[in-house]
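The two complexes that follow have subunit A in common; it is paired with subunit B in the first and with subunit C in the second.
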Partner chain A sequence: MKMSRRDFLKATSAGIACFGLAQLGFDLEPLRAYGARLKISGAKEVVSVCPFCSVSCHVVAHVKDGRLVNVEGDPDYPINEGALCAKGAAILSLTNNPHRVTKPLYRAPFGDTWEEKDWEWVLDRIARRVKDLRDRDFLPTNGRGQRVNRLESLFSLGTSHMDNEECALVHQAMRMLGVVHMDHQARI
Partner chain B sequence: MTNHWIDIKNADAILIMGSNAAEHHPISFKWVLEAKSRGAVVMHVDPKFSRTSARSTFHVPLRSGTDIAFLGGMIHHILENGNYFKDYVVHYTNASFIVSDSYGFRNGLFSGYDPRTSSYDRSSWSFAVDAQGRVRRDPSLRHPRCVFQLLREHYTRYSLEKVADITGVSRENLLRVYEAYAATGVPDRAGTILYALGWTQHTVGVQNIRAAAIIQLLLGNIGMAGGGINALRGEPNVQGSTDHTLLYHLVPGYMSMPLADWQTLEDYNRANTPASSDPQSANWWRNKPKYLVSLLKGWFGEHATRESDFGYSMLPKLERGEDYSYLYLFDRMYQGLIRGGFIFGLNPANSVPNSNKVRKALDNLDWLVTMDVHHTETTDNWHRPGVDPAAVKTEVFLLPSAHRLEKEGSVTNSGRWLLWHYAAVKPPGRARSFGEMIVDLGNRVRKLYRSEPGAYPDPILKASWPEGYDADEVARRINGVFTSDKVVNGRRYRKGNLVPGFGALSDDGSTSCLNWLYCGSYTQEEGNKAKRRDPRQTPMQAAIGLYPNWAWCWPLNRRILYNRASVDPQGRPFHPSKAVIAWEEGSWVGDVPDGGWPPLSSGKGKHPFIMTVHGFGQLFGPGRVDGPFPEHYEPVETPVNRHPFSGRLHNPCYKAVTGDLDRLAAPADSRYPIVLTTYNMTEHWCGGGETRNVPNLLEAEPQLYVEMSPELAEEKGIRNGDPVIVESARGRVEAIAMVTVRMRPLRIQGRIVHEIGMPFCFGWTTPGCGDATNRLTPSVGDPNTSIPEFKACLVDVRKADRLEELAR
Partner chain C sequence: MAKAFLIDTSRCTACRGCQVACKEWHGLPANRTRQRGSHQNPPDLNAYNYKVVRFHEDLKGGNIRWFFFPDQCRHCVDPPCKAEAEGYVEGAVVRDEATGAVVFTLLTAKLSPQACEAVRSACPYDIPRRDEKTGRLTKCDMCIDRVAAGMAPACVKACPTGAMNFGERSEMLKLGERRLAQAKKVYPEAALVDADTVHTVFLVPDPRVDFGPPPGIDLHAFLGEPRSASISEPSLR
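So, the complex of A and B:
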């Protein structure tokens, strides 16, 4: 039988592949009981990638009842081979984190608090801000009469935190508006 | 990276410079240690002794901003001692090219400099050509105007004495590194250079890397297993976000953003498509028109027709020479010229230099949309310490974002591997992915433009824009699809089918592709290759840790770039036991070669550096704005007022913004005698907005500190643990003194210069941890990239009588 590293770890942690031990006369019951108590037993495994540096270590996320219960290095991924650094090892507390922003927030001009808003309201209002600014400041031509289609007063910054698919769309959206002040972490 | 993470294990010598790999790319270091355990020498050249130094064979401290002096000395050493790999240099680099007579270099300036514009006219940095337009070459390398001789002449000035005097590195240490590294200049040894922001974040950043590239070409280390030029990229998908060019001056796939002078697609193609008269030069960028038209098809769909110039006319056009990057963007915001904008997952109030100015600039916005997982110094700038919110007019939106484990999609690692990640859980509360937010917002703006009049609605209404966000669908668009039925290599593709590779992209409108580099990543035949988890490899691939079936890598699954330079003109590997490719029985085996042509000696081959016009590695590099050879210049803020190589103190082309808050210390300014360098740490990520909100990480690294030598501490009457004030011409920062021998006083020009180091990840939204280190750093940058000089500026440090920021 050819086992991947992960298959092997899974098997041993669940106490199934300890055939050799039983033959040596070990009592496997306590081990089985421990296996059943593991917080990951019965959890769904999902492969993801550490969201920090570009070593891009792979992780296996364990999900139970829709909740993330454990995250560990993916032993099969040939680069990290199961290892993670301090940041990668903290993905669980990064994801399940009481400081997360979970609702759209709005701070009115000159206001002193954040207000919770719904998505419809914030997205409509942002779309309106974008259109008003573009209609006001759009620069069809430059001083030499060349066609330039620029919207210089609206900027876009970020982010290396986006997936490739998200980057492709953000780039497209900004150029359609005429945005030229566009930059992100690659330059800092 | 030209190579990839696992490949580091193949190196015989590893030079880590401008990087603290063990702390900032911790898992990469297992491959460094693997190489070391197989006998490699590992050298860390860095101002600070860190965990990278501790596990290296030896550590060499140098003064921040003197890397070109250090590397120039190495080039000199290699040339004088004949350590270069002669066959490689003759066949694969432009060492033999004859440079035109108009090129010259005198007292720190290359020919063509215009002091009024602080820039070069680069036309004199060219090659002499024969009647057929081919570059004249002298394979004997003896012609006095050949690149090799000019290179030798340029670096003769970089003697051990001079280099030691300006870098603060002893002669013994210089020789130790030079000799160990130059030993890889033979066919069967490879050396790799690992660098990170410690090289890029200087006003000579690009030339730091050019100097390393010259060394690698001289030693024949590019294209080899265990070789290459390897940028350790730091952020989660910074490779992918750079490939998709979230940068003002490029469109996806590293093609120039249109300029106002290029009004038509024809103008663009004429200015951007290089031509070579050498039939043996692949000159790959000659294909650029195909990639651009396919991109335009991707952006404008059916509206991109030949008659409409494929929509080219709808794109914004930049002014030639105008800079729209961070430094200039925030300067214009400070001047009130920018009114609104988006900040996606970025914390510029902490991570952009001269953050006092950045924070004030943000106050001038009418509206600001931020998307983040936590509150940061940027999202909450309107109520930062010392500011009355009632005086800040900005309307701020903070949109809750999904984190990596809460969405699916692809990222690209530093070794260019395209990796798919799956959604494990739903985002908390009402948080959404960036993709969902931007698609929804785009559709709302489109709806407004459809229903009411507005400025130039065409690009918005004619865009090919999805109804909803689906990562898989966008991944297909990135790879590219046929827009009509077509036969490629005898295979029939239908309209809507995926394009098999960028060789099939075309400029007639029959293909659409959002990024040519990724073409071939998602195919009709094999599906989404970012999802592949197959460890199979041939014994030849296994010998160098190459996993061709695991995920996918751009371009075309080629794991080691320029690999045709790892074989001789007959196609035989220079290093047989660590062969990358080999020509066997009429075909290439091993890695995917840089083009499938037969070996050079067949007469039908191509020169290996296929992305350059002539096909040769560029020892003489005419493409950079500040010189064809790297030259030492001091950082803009420097503790010296002269250096031994020329009378030109600074890079004559460096970028800077000027305003009332952009004060600079003078050279050797007595008010600011100490060099400051800044860095990341293992437990925190960049500006720290995310990791300071993770209790276990904050507990491990809770507070801003400054590392200083015992000698400096004694001079200043500071003890370990004392609160101190660090001050530059632009700002002051409170920190806790960490007195440590990790920082060494350096002897420069006969006197002691102190250097201190500070992390930059702390900010006021996390109580008691301190505030932005970048309030100290200056808004000056590299002339090629505009990357700011975070790594070297001038400060003073003194003991604090009382705590404010750290007590908050």
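So, the complex of A and C:
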């Protein structure tokens, strides 16, 4: 039977659940007060990809009762072999963070405060601004009369959280508008 | 059966994956941090950081040397903190015979602040820190829950460079000798620290390097600005 390292760990934790720790030869008596129960025992394991840089380390997310309880490196993935850097190791806090922005925020021109808005309002607003700007600034030709069909007053800034396909979509959408200034951040 | 860490600091790149993985596994809250002129952040171990990567730089022979030290509990074979704590509260500090883990239990909350200070003073490596909120004394617990389930401690699991290692003590001591032989080619003075008396053996490039007190460069003095009364040492959240 072929068994990955993770299957082995699963099997041993199942064994622990059935027979109790003592039978495996661990004397945890003095440690009872500290709580010997593993917080990921019985959790569902979901393999995912770290969202930060282009190394794309694989992680194992432990989900218990619909909640993320732990994230660590996937030992079966040959690139990171279970390891993670400080950013990848913090994925749990990235997800369960009270400071996480979960609603669109809007700051009006010259405003100094953020207002919560719904997605519909924000998307309409972005579409309106992009359309108006393109109508105003679109350049069919350059100074020498050559056809360029470009829009120089809009800039697209990507994020390392976007995957290849998302980047392709954004790129195509920007080219369609004539945007020539594009940058992306997945080169950490 | 006894376990041990081997921490090969010659391989550490100070990414601090171990430091963060430790916090994540133990569910410890964030510390408020600020620029102190050092990458060492937070500046010292505290109740919410059982592990902290210390930074040291100096000049030797006109060359800049930069050393990293992922500090943590050494899990002493004969722990002075346990001996000290026994005098106050029985069972506040226990040693797991199977693994060699020295663990602070919930009973440490019964130690007075003075007793906690005495336990901390007893530690030759200055590791224990008191959680002012819960009154408990805290430090690395060797991820005893993970180790009991056959898993590596969170810090070791996260380490991408092979600096953090964990396993049977005899295996780790052998690995330590092999790594020491390698390290000596680059750092002739490299050494294993206190290998006979602890379960967390550090391989250091230069045993004379003192990682010293936590960094506290006064940026206001450094920049020649008056110290603002509103900026004080941030307290734990």
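Methods note: the second predicted complex is superposed on the first by the 160 of 188 C-alpha atoms of A that agree within 3 Å, B and C clash if a C-alpha of one lies under 4 Å from a C-alpha of the other, contacts with A are read in each partner's own complex, and residues count from 1 in each chain.
Just so it is clear, a contact is a pair of C-beta atoms (placed from the backbone, for glycine too) under 8 Å apart; a residue touches a chain by one contact, two chains touch by 3 or more.
All values reported here derive from a predicted model rather than from experimental measurement.
Visitor: After superposition on the shared chain, which partner residues are touched by A:185: those of subunit B (first), subunit C (second), both, or neither?
Guide: Only subunit B; A:185 stays clear of subunit C.
Visitor: For A:107, is the partner it touches subunit B (first), subunit C (second), both, or none of the two (neither)?
Guide: first
Visitor: Identify the partner contact of A:93: answer first if only subunit B is touched, second if only subunit C is, both if each is, neither if none is.
Guide: Once the two structures are laid over each other on A, A:93 reaches both partners.
Visitor: By residue count, is subunit A touched more by subunit B or by subunit C?
Guide: Ranking subunit B and subunit C by residues of subunit A touched puts B first.
Visitor: Where does A:70 make contact in the superposed view: on subunit B (first), on subunit C (second), on both, or on neither?
Guide: Second partner only.
Visitor: Where does A:38 make contact in the superposed view: on subunit B (first), on subunit C (second), on both, or on neither?
Guide: It touches subunit C, and subunit B stays clear.
Visitor: Return first, second, both or neither, reflecting whether A:85 touches subunit B, subunit C, both chains, or no partner chain.
Guide: both
Visitor: Between subunit B and subunit C, which residues of subunit A are contacted by each of them?
Guide: 71, 80, 83-86, 88, 90, 93.
Visitor: Spell out the part of subunit C that touches subunit A in their complex, as residue ranges.
Guide: Result: residues 1, 15-21, 23-25, 30, 91, 94-99, 101, 103, 105-107, 141, 144-146, 148-151, 154, 157-161 of subunit C touch subunit A.
Visitor: Taking the touch rule as given, give the residues of subunit A at its contact with subunit B in the complex, in rising order.
Guide: 4, 46-58, 61, 63, 66-68, 71, 76, 78-81, 83-88, 90-91, 93-95, 97, 99-112, 114, 118-119, 122-131, 133-135, 137-138, 140, 142, 144, 146-173, 175-188
Visitor: Help me check something: in the complex, which residues belonging to subunit A touch subunit C?
Guide: Contacts found on subunit A: 9, 12-13, 16, 21, 24-28, 30-31, 33-39, 41, 70-73, 80, 82-86, 88-90, 92-93.
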